[in-house]
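Taking it in order: structure first as structure tokens, then the write-up.
Chain IDs A, B, C, D and E follow the sequence of writing; residue 1 opens each chain.
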Amino acid sequence: MQGLIDRLSALLSDGTVARVLGWKKGDMPYNPEPHMFETAESLKDFVYDGFCGANLSKMMIEASKLEGKTAVCLKPCDSYSFNQLIREHRVDRENAYIIGVGCRGKLDIDKARANGIKGIEEVSGTELDGPDSVSFKTIYGDKEMSYSDLLLGRCHVCKGKEHMIYDELWGESKDTADSERFDEVKALEAMSPAERFEFFKKELSKCIRCNACRNVCPACSCRKCAFDNNNFDSQQKANVDSFEEKMFHIIRAFHVAGRCTDCGECSRVCPEGIPLHLFNRKFIKDIDELYGEFQAGKDPEAQSPLTDYTFEDCEPGIVAERSNG
Amino acid sequence: MPMTENGEFRPLIVAFCCNWCSYAGADLAGSSRLSYPADVKIIRVPCSGRVNPMFILRAFERGADGVIICGCHPGDCHYTSGNYFARRRMTLLFSMLDYIGVENGRTRVEWVSAAEGAKFSATMNEFVEKIKSLGENVRLGDLRCKD
Amino acid sequence: MYKISLDNINSLFAAIAESKELFLPVKKAGQANYANWTEDCEVALDSLKTVKSPKDAFFPQFETLYKVNRKIIPTDASEEEGSETLVETKLRTKLEITPTELKDKDFVVFGMKSCDVKGIEALDKVFLTDPVDNFYKARREHGIIVALACHEPEESCFCTVFGVDPADPSKAKADVATWIVDGELYWKAISEKGEELTKSVASLLSDAADDAADAEISNITNIMTKLPNTKLSLEGWGEGKTDEKFNSEVWNELYKPCLGCGTCTFVCPTCQCYDIKDYSTKDGIQRYRCWDSCMYSDFTLMAGGQNRTSQVQRFRQRFMHKLVYFPDRYGMYSCVGCGRCVDKCPQSLNVVKVIKAFENEKKEAGANV
Amino acid sequence: MQRIGVFVCHCGTNIAATVDVKKVVELVRFEPGVVHAEDYPYMCSEVGQQKIAEAIKEKQLTGVVVCSCSPRMHEATFRNCAEKAGLNPYMVEVANIREHCSWIHKDMEEATKKAVILARAAIAKVNLNTPLQAGESPVVKRALVIGGGIAGIQTAIDIAEAGYKVDIVEKTPSIGGRMSQLDKTFPTLDCSSCILTPKMVEVSTHPNITIHTYSEVDKVSGFVGNFTVDIKKKARSVDLDKCTGCGVCQQKCPMKKVPNEFNRELNTRSAIYTPFAQAVPNVPVIDREHCLMFKTGKCGVCSKVCQAGAVDYEQQDEIITEKYGAIVVATGFDIIKLDKYDEYAYSQSPDVITSLELERIMNAAGPTNGHLERMSDHKPPKNMVFIQCVGSRCADHRGKSYCSKICCMYTAKHAMLIRDKYPDVNVTVFYIDVRTPGKNFDEFYRRAVEQYHVNYIKGQVGKVAPQPDGSLLVQGVDLIDNKQIVMNADMVVLAAAIEPNPDIRKIATMLTASIDTNNFLTEAHAKLRPVESPTAGIFLSGVTQGPKDIPETVSQAGAAAVKVIGLLAKDKLKTNPCTAKCDVMMCNGCSTCANVCPYGAITYEDQEVRGPGVREVRRVAQVNVALCQGCGACTGACPSGAMDLQGFSNRQLISEVDAICR
Amino acid sequence: MSLTMAEKQAEQIRQISGSDPYKCMKCGKCSASCPSFNEMDIKPHQFVSYVVNDNIEALAESKSLWKCLGCFACVERCPRDVQPGRVVDAARQLVERQRGGDHLHAEDIPALLDDDVPQQLLVSAFRRYRR
């Protein structure tokens, strides 16, 4: 990590960039926060470890409007989001200096908590070139977990270790995929409609409409969300009854269909642990199956499947055909 | 549940019809006296591509039991491509509704030309029957609208 | 002091639920939240912190205030005169307003931690001082709080900073205090309401020594001293600090990662802002209120725009409100150190980091002098 | 809050017989915003409109809902009426309680209930209507006619005579179309060429008319009054200006085995050719597919013999771009392929021919120089059988559901001409119905029967079987005698159905003109606007709209011309104000809308945006209202809802949904 | 309103054949195509109009019923998709149902074999009339 800090300091000092968008050490060993570093000196608080899961692409919308270039640390999967933002003219590529940082999967502290680890004082083994297991020092005793058991859900279906866009690379990446991307969606599709309904009802009834999923989403970059304006009369702040939640989440996912890169931030930030990516990934699966494989953010020039068509496209009736077997 | 006196379930069905083909097709069904149940209420839109998925969800939220979108046949869109976009949007939306466990027969897209009054009527008769067989929309409605 | 074996706890719940609604931590789809007790629910008394605080019991996230319905009714002959329309009509419309009834049945909130009870104190300050919020008041009158001592506090806890004792809920403004020690639930009524509740379930409880929970109390107290955030200093916050804090440069740095979501607000036991909105139904409207978040871009949006237009203003507002304005007005902090925001903020921001950032600022300023 | 007036039309009994009009009036009075409600037997009548106008003035109405027939019928009527009374026309909405209600429902209670709901939806919409102002766009004073047959020629001449420039685009090397292939015309029996050729000359010499033969429309953009069209001029390989039309090249061309399309492939032509003697322009083209020079690189005879040096093997296809105010489609027809009608042995015997082939055989300039003979052995026929309705009025996939309209008459013509010229030939016509509406048409057909003794048999032919001796066995039925008829014939003539030129689909797509399932272009109104397409600025001439004979085509061509002249006579057009509109406060500048706009009406520009707490330069969408046609595709694509459609706004449509779901 | 016997039978024929006799435009192409035309008392095109007019009794008694070869030339060629052959076949089935029982037994077949009749025809007849 020191190498990365040195490089960033050099970029700041030689004037290549005016600021650095990265992560700042948290007050706990596992909660670094996204931070804008303006001086080389301030980089002493810079951190890059397994808990730096936040996708910094979206912050570049504002950062790329500032005077001078911003160096931004992007993990391989973040680079898809950045590309997609370029496609939508939301960031200025010229004002970004992209450090493609290596990634061996990011960690989910809730996985440790679920494993009974609490009262955490220190965590070690989370750095990029660290060991295969993570050690926890807690007031209730020392604990250890393997790095892979601590991974965020999204890392198990990693899109790969390649950066889609960068100015320079730092550190080795690892493809952490160990399960099929659409397995979860397929499992749901295999259920009966009533079972699916129950599943989503149970999950979505937890929703507290905090909008964290929307606000963190790099694709949800609207200046004013459709849910915050009066045009659709959908301006509801509360989860009133079962439908309200469904409507919110269907529309949230629909609005990013064809643009969602499957970065998994929505599921990561949900305070209620709702697997929100299941909506987005369903759209991705449908698009892949019906209109040909498409990965948003892979190619900033590619036409989104929803702004494209062919004469031979399937009819909407295919939904019933597929579902009814 | 909306019932008539004889206890038959009468669904509420919203049909979005594009102005150029399907609305005209519905007009033709009318002038040809090709009847279909009064449960179907038509909203005129310029093009099937105008139909925002929000409208469909809104209708369901408000207690509609079925929503059908009618547009020009592929290749015949008055605006060349609106129905193609609608086709993709609706396919994905319907698939999502199916995915969360809503009966997939509640939504439908049908291409009806200005000359197809008979098809319009037949489609609506069929759709009403389908919705009747599915019964009331309980999974998508907002309870507050039942008050 | 009474006790009941945890093996038998369901019969206690059943006994309470017989005559009162019972609200307690329930696990659903992997997360613990307060919910109504049912026989088949998965009670999660061992959860230290529910995702949302139990403030819903007194101040629900959503409630309908009243309904307005339009009715078409036959008119009296006398009213017909002066009718403007060309059509002779014997009908007229009437608006019918039906207020939602106030809570009129007792209910029990079981398992509240001391910090959450303290949170209710903060809500009381707002809702029970003039003008009194009747909906809230009715719930407070009918609500019986059974508090539960924390067992294994976590690193995000810092309630002691705000004078909360997590070990001894009998010091909180609850009706019953309870502890779980070695498979037994120890029960101690604190208030009159608590005594009554105790009476109603007395047959299920057996006597226990008054000092039965003392070991647990000192154990928890001891753990608290080890937790990193309990050493937090509130120096520089509180009454009269508006000028000093409001204009600080620290906010401009601090807010940047903030997404403007409402997670911190909605999990917080003391946040009490709400919005009132209308939902139009078949032939009328329902006026409801729902929690609002000062972090939202459309918070207090009016025709002329809103009074806080940037995220830094909104961010500052939330913490100034908790740590300065609220003490100014009500003499207490509007943070109880539950640590939910520490756990849940998507960007790892939270009230602790805010307080610490100002500490650092002071240190740095001192160093510079 | 609006002040809305609701006007419920009885439409005589069309509505009032099924909908309790009074009850509708009574119930809609309570809808939000309604301050006035009344009914009248005919709202569209002078008196009905007067009532609306009066109410607008007296009650200071700000919105009007008319519950009547389809808005496609009278929306414009009521909007004009409102405008005259001082109300913005776009504050008027129509609830369709006739086509969508009274005409399809029988139960009065049910229909009345539905009528109230439809009215409610319209009222809810009007509550959110805003006055819209039509913009203006200039008119390019030039017309394009696609197709150079009699329809296109007549339209072009009529427009040109009114003083406007006209371009004709014709796909084949010459104008003239189907009519130039015909021998005689019914019911007067005058020679087709004799009446067509002067027209062709007139059109080619008219100072206002430019003809692009051997050309196709390649691309169309723009809108009424302002179309931009790319015309692809295929390489003719012969210089139009240099060629004198001497014809030597065609005589000397060594490649003479090319099927002659003009003669329906009954004989052959050379690779360099003019389709027929009177071709306009009288300049040959080289059929590059068959020309030896192009196929092998060795020949060049035509170039060598051409005195004028007009042959140019290097010529390339050329695209020219022109601007037009109006476009007339006159792409005509062809006859259907008969390969699915095995029972008539069309593909088995050369003596089974189509009527169009018979036209060429009877024509003095045709493959047999006008002698009636069998194509197999060039012997004169003794017995001829005509079969009607081959592929017309056909409900299955093999043919067309419609009546081709012209077959009865041309078959009578053929029968009569043959009996006149060859009195010893027996002519039998198998018919299902003989349809002869038209001036002097039935008299014409009766002459064939009464004067020329053509044997008309009511019934169809089931089978035509070629016999070893070269004759054709025809098995048919006489439904009057209830007898099966088996007879020998030397020639069988099939009245094949006609269908629109297959190119029409491509052209209609380019023009965004609606087309029906039979590939005929749809009229804006079947009765009242028969020569206009629903797409503004596109007009229909000839068989492209539906089956027609020559006099009908010529009259329709004139009608289309009048419509075009009416359009070109205006200096400016009012544009549809129901266009998309971007709320710059919400626009992300993401370009999604531009990606789905079929008209290229959305562009992006950096613009200073001001609002509460906002003052910055942003990339935002801009709608060119002259280009926008109001389809709303952008609104469905816009993720933030910044893009909205005036007249069909999100809030309006949602309020309609809400009103219906009440 | 209750249907008369004849109306019921006509309806049955429409159901069995799946054809709509009202589509007929009386062109006669079925009769023109029919190889058994001369053997028939009620001609194929008349068959269709008999069904339209609910005159089923006459059809049931007609010779034509047993003269149709089932070659389906009329079905193929009918421009209106009325499928007269299927109508005849449906009438035949109606009659067969009323008669009941098997009318063709496997052991009778050899006696019926005729070198001029294609065996395929027998097989199909067997399929159709054995119940």
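Operating definition for what follows: a contact is a pair of C-beta atoms (placed from the backbone, for glycine too) under 8 Å apart; a residue touches a chain by one contact, two chains touch by 3 or more.
Model, not experiment: these values are computed from the prediction.
Leaving out chain D, the touch network of the other chains consists of the groups A, B, C | E. Path length between chain C and chain D in the chain contact graph, taken as the least number of steps between touching chains: 1. The pair with more inter-chain C-beta contacts, choosing from B-C and A-C, is A-C. Chain centre most remote from that of chain E: C (centre = mean of CA atoms).
Innermost chain of the displayed assembly, by C-alpha centre distance to the whole-protein C-alpha centre, is B.
Chain centres here are Cα averages; for chain A and chain D they lie 53 Å apart. As a whole-number value, the distance joining the C-alpha centres of chain A and chain B reads 36 Å. Chain geometry summary: the mean Cα position of chain B and that of chain E are 42 Å apart. Of all residues in chain B, those touching 2 or more other chains are 52-54, 58, 63, 75, 81, 85, 89, 144-145, listed in ascending order.
Residue positions of chain D touching 2 or more other chains, listed in rising order: 596, 637, 650, 654, 658, 662. The residues of chain C that reach two or more other chains are 279, 282, listed in rising order. Chain pairs that touch one another, listed by label: A-B, A-C, A-D, B-C, B-D, C-D, D-E.
Of all residues in chain A, those touching chain D in their complex are 88-90, 221-226, 229-233, 255-256, 259, 303-304, 306-308.
The touching residues of chain C, when paired with chain A in their complex, are 28-31, 33, 48, 51-52, 61-62, 152-156, 223, 226-229, 253, 256-257, 259-263, 265-267, 275, 277, 279, 288, 290-293, 296-298, 342, 344, 346-349, 352-353, 356.
Contact residues on chain A toward chain C in their complex (touch as defined above): 26-28, 31-36, 54, 59, 118-121, 138-140, 202-203, 205-206, 208-212, 214-216, 224, 228, 235-240, 268-269, 271-274. Residues of chain D touching chain E in their complex: 343, 389, 393-396, 398-399, 430, 432-433, 458-463, 475-477, 479, 482, 484-485. Considering their complex, residues 52-54, 57-58, 60-61, 74-75, 81, 84-85, 87-105, 107-109, 139-144 of chain B touch chain A.
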